[in-house]
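Listed next: structures, encoded as structure tokens.
Paired with subunit B in one complex and with subunit C in the other, subunit A is shared by the two complexes that follow.
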Partner chain A sequence: MNEFIEMLKRVKPGIDFEHETALVDDGLLESLDIISIISEVSEVYGVWIPSDEIIPDNFNSAEAMYELVQDLKEE
Partner chain B sequence: MRKDSILQYISEYAKTQPDTLAVCELRKTVTYEQYFTNIRKMAAVLMAAGIQKDEHVILKCTQNINYLTIFSALQYMGALPIPVEKATMPERMTEIAAQVEAETLISDAEAEGMRFFSAKELEKQMADAEPADCELPKARSRSMILFTTGTTGKSKGVVVKHINDVAVAENVIGGTHMRPHNVEIIPMPLNHAYGLRRYQSDMVNGGTVCLMDGMVFVGVLWKLMEKYHATSMALSPASLGMIFKLSGDRLAEYESQLDYIQIGSAPLVEADKQHLLSMMPNTRLYNFYGASEAGCSCILDFNSADDKPGCIGKPTVNSVIRFTDENGDTVRPEDVSEARPALLSWGGDIVMEGYYNDPEMTRETLDNGYVRTKDLAYLDAEGRCILVGRMDDIINYGGSKISPAEVEDCARGYEGIVDCAYSSKPDAITGEVPVMLVVKAEAYDKQAFMAYLTEKLESYKLPKHIYEVADLPKTFKGTILRKEVKKMLEQL
Partner chain C sequence: MSVVSYSFLLFLLIVCLVYYIIPKKWQWVVLLAAGIVFYAAAGVSYLAVVGLTALVVYGCSLLMQKNLDQQALLLQDVDRKAARKIKNEMKQKRKRVLVCGLIVVIGILVLFKGSDFLIENVNVLLSHTVHRQISAWKLIAPLGISFYSFMMIAYLVDLYHGKINAQKNFLKYLTYVLYFPHITQGPIGRYDPLGTEMFAEHRFDYDMFRKGIWLMIWGYFKKLVIADRIAPFVSTVIKNAPDYSGPIFLVIGIVYSIQIYCDFSGCMDIVRGSSECLGIRLKENFRRPYFSRNMPEFWRRWHISLGEFFRENVFYPVSTSALFLKLNTAGRKRFGNEWGRNIASCLPILCVWILTGVWHGANWNYIGWGVYHGILICLSAMFEQPIKKLMEKAKINTDHMAFQVFQMLRTFFLCLIGRLIFLGNGLSDSFYMIGSAFSRPQAAYTMKLFVLRRKEWAFALVCMLLLLAVSIAQEILERRGINMTIRDWLGNRNVIFRGAVLLAGILLILCFGIYGAGAGATFIYEQF
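Here is the complex of A and B:
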């Protein structure tokens, strides 16, 4: 999880990824940040997030994103 | 018979088809009856809060049902909504307020010197309010002030009348051959003419609007398609590119469900256009030509024989076309041809009242009821309008229009640069991305420069790349030669 949060901080510095739980709802992550995260996840973890999973709920917190990536890695 | 305002259509459908869905989010819906009742309740809340008839109110777009309810309620009680983008910074909000003489802001964050109401709090208060009983707006009264960068780049407040809203909606309905009970997905910002006017056309048609906040959460698109059986979409080239990038060819699964897709706000990249045509051979695919000042004046189904280079389709039902020479003198249509194109002007009920508090700009743009453009065009034998050239420096970054001059003026305030030019490079997803060329001074520090820009500008205006160059191409007067800048960028 720490490594994942470090990756997020590289994509979007200055955000408290450890504690924020409304990254999308509160507008902390913008659309182009989401694209960068999807690309970075693909590059670092070898996982392409399926389009059905690209919904705000899955990006509102670092934990939700991390769980999604773990689930996809196990598939 | 044409009604006076979009609100009049909503109120009528609240009686004649009360249970039809009017507006939907993924997890929330309102029928026409609920929607109109909520508009009346919200109007009561706004009036009780002290908002006056004819007052100018800035409303931050939150791209949801509550935003549209507040927007409509302001119109219903006779106030004038001024919708602004959700990324607008508080300082910019204050500037806009001064420009349009607004003292009240409805948003999620306060701005200095403005009376503030939280949109979420208003929604809570609406639940228990008694519906107001106001007179519906008249056709010739003001509907809203739309902010646009237009083609000149200067931020302008376009004063729109209710008759304009209805006339443009009729243009969209006629142009798309919109069917009754059309269900349209709109991911485009509802503070811009494109998104707002698609919503309005569906309200005039008695159809259903499904709201999305942009296209990056493409999973929401597929859920909306399934849940509400959407039959049409209003996209931008950037949002279409995002669908392709994130979902591959998934859109093709809905080929038989989708009656039409309209693409607006910027030209479609040829590769994306060809890809869409191959995926949707039987779906009508439209490009609209228009502006905040005179909406949806031409339409082209680019999945038809009408599609040819430069063609923007045929003028829509409420558009009156006029040609002029560079001096503004009218040119007879029979004297305009491929060899002798002329400047386009648009007239009719679609034409705005003018620019708010800017008589000079209004005089430059409006001529005897016609909106002048800088587009050279002619009509072919079939009545299709063919564009020959367009003078336009504006950068369209994923649907957000940016004036290079505005960003350059801001950047020149940083003492570490001698000069700069703001331009763009092609991008597969957004169409183009903003970049900047800088001529360094001794004190230049890239990080400090970016921090300076970040403090002064909305995030979407920040250059994605900064290139350091020795010199910038300019005219002898010192004006940046933008085409030359583009050529330089091809080499960088």
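Here is the complex of A and C:
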């Protein structure tokens, strides 16, 4: 999880990924940031996040994103 | 039947009465009948077009649902690896059905909205080669075709992704499509949650009903008292744009920005209010967009349902395709995170904005307007961080109210230029208006040039200030995180105050609304 948060910070510096739980709802992550995260995830973890998984619930916190990546990895 | 007519009010009254009197399990039938009557009033032949399109979509939805049901059976007692394989295979089969459905829906949309534009441009090409011309078909598009087509597309895509279950009763599906408050100008309501809410049983809720009426009154105020009052000024100048010159075009841009906001958001208030009278909440389509501090924020607050549609159905699928993810990664490695991702995102953003322009109609002005906003969004993303750093260096407090007002005015100005592109009779007119707006006028301004009488302008200004005051109050409530609307606030006042506000609103609309031939008959977005 720590590695994952470090990766997120590389993509979007200046955000408290450890504690924020409404990243999308509060406008901290915008659509371009989400695309960059998806691109980085595909590069680092080899996991492709399909566009229908781009919903606020999956990107509102680092934990939710991590769980999504784990789910897709296990599939 | 325009929502700005006495016949609509009578129609809504009858629908409400029947809706709440009959057994609740049949309420959806009332909505269906109301939808058919409302739509047929615009032309029975249009009803056939929307009915046939809905039938094709319904057929496709049943096929996809069958596939999803089979998938659920096959997924029982299999491991994750096998499940993934099954899901991919089944999704491929659904894709074929999806493509067929999309071809029909988009094909009909293009036939009605784009055929003349295509023929016109093919003729331009033909005139340079062979001297033959294709005659225009001059098809009249069914009412609200751009809106209901997008609802159908979203329905098929959601089914393809397995996000919703298909409606198995065709008449219920038709009820959702023909739902009279949203069919002509949106909001583009997704089947989930709207379908679920629409087919639930609704008891008469006095609080919701009266708030619906208040919202309708507010919408009629915006449309009849403000938008229709200032509309003649804009249309007179635009019709003969080359006859005018100078900063009058800036005034046109400002006035048209207010007019189109009052026109479209006024309509949304009327339709949302009338839907709430039936106990069904429609999605908010506007959140005071002129208080936006930058263009991306503006487009999250203006025509929200259309923006969401394009983001989910065009921007995300294109941006997350293998090609664009590779471009994103390569771009970020080459130019750093910010610049790399922004450069890689430019093409999907431009795709979205050209399509948004075309959605308004097949016309070079709309396409130009789309490209203009696409470029602005790309530039906004590219310079967001550099400007932020510059502000920090210059020790400018960007959260200060004065700076926020500056940002809002800047956003408004950028929109204003876009409005002039949108408004022109051809792109050459638009370029002339924009160029001329910043040059000296060739003739002296007189009040005659402004079409309306002085006191009409004064009254319009007072109404705009009232609109601004209410909007500021709502904005403050939202920024302070207070979960309350102006309607909630009004609902908490005593009965005398509420009655006085209601009466004042009705009198204002009756006495100062613009009525008569040619007035209040159409909405700007109805033509899209």
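In the analysis below, the second predicted complex is superposed on the first by the 75 of 75 C-alpha atoms of A that agree within 3 Å, B and C clash if a C-alpha of one lies under 4 Å from a C-alpha of the other, contacts with A are read in each partner's own complex, and residues count from 1 in each chain.
The rule is short, and it goes like this: a contact is a pair of C-beta atoms (placed from the backbone, for glycine too) under 8 Å apart; a residue touches a chain by one contact, two chains touch by 3 or more.
All figures in this text were calculated on a predicted structure; none of them were measured in a lab.
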- [ ] For A:Pro56, select first, second, both or neither according to whether it touches subunit B, subunit C, the two together, or no partner.
- [x] first
Open item on the list: Looking at A:Ser31 after the superposition, I want to know if it touches subunit B, subunit C, both of them or none. Which is it: first, second, both, neither?
Closed with: both
Open item on the list: Per the contact definition in the header, classify A:Ala22: touching subunit B only (first), subunit C only (second), both, or neither.
Closed with: neither
TODO: Using the touch definition from the top, say if A:Val11 reaches subunit B (first), subunit C (second), both or neither.
DONE: second
Task: Touched partner set for A:Glu74, first subunit B, second subunit C, both or neither - done: second
- [ ] Please work out whether A:Met1 is in contact with subunit B alone, subunit C alone, both, or neither, and reply first, second, both or neither.
- [x] neither
- [ ] With the two complexes superposed on chain A, say which partner A:Ser42 touches: subunit B (first), subunit C (second), both, or neither.
- [x] second
Open item on the list: For the overlaid complexes, name the partner, subunit B or subunit C, with more touching residues on subunit A.
Closed with: C
TODO: Go through subunit A and flag every residue that touches subunit B in one model and subunit C in the other.
DONE: 30-32, 35, 38, 51-52, 54
- [ ] Using the touch rule from the top, collect the residues of subunit C that touch subunit A in their complex.
- [x] 80, 83-84, 161, 163, 296, 311-312, 315-317, 319-320, 322, 324-325, 328-329, 332, 337, 341-342, 344-345, 381
Task: subunit B - residues contacting subunit A, complex - done: 86-87, 214-220, 222-223, 242, 245-248, 250, 398, 429-430, 459-460
Open item on the list: Applying the document's contact rule, which stretches of subunit A touch subunit C when the two form their complex?
Closed with: 10-13, 30-33, 35-36, 38-40, 42-43, 48-52, 54, 74-75
TODO: Could you pull out which subunit A residues touch subunit B in their complex?
DONE: 24, 27, 30-32, 34-35, 38, 51-56, 58-59
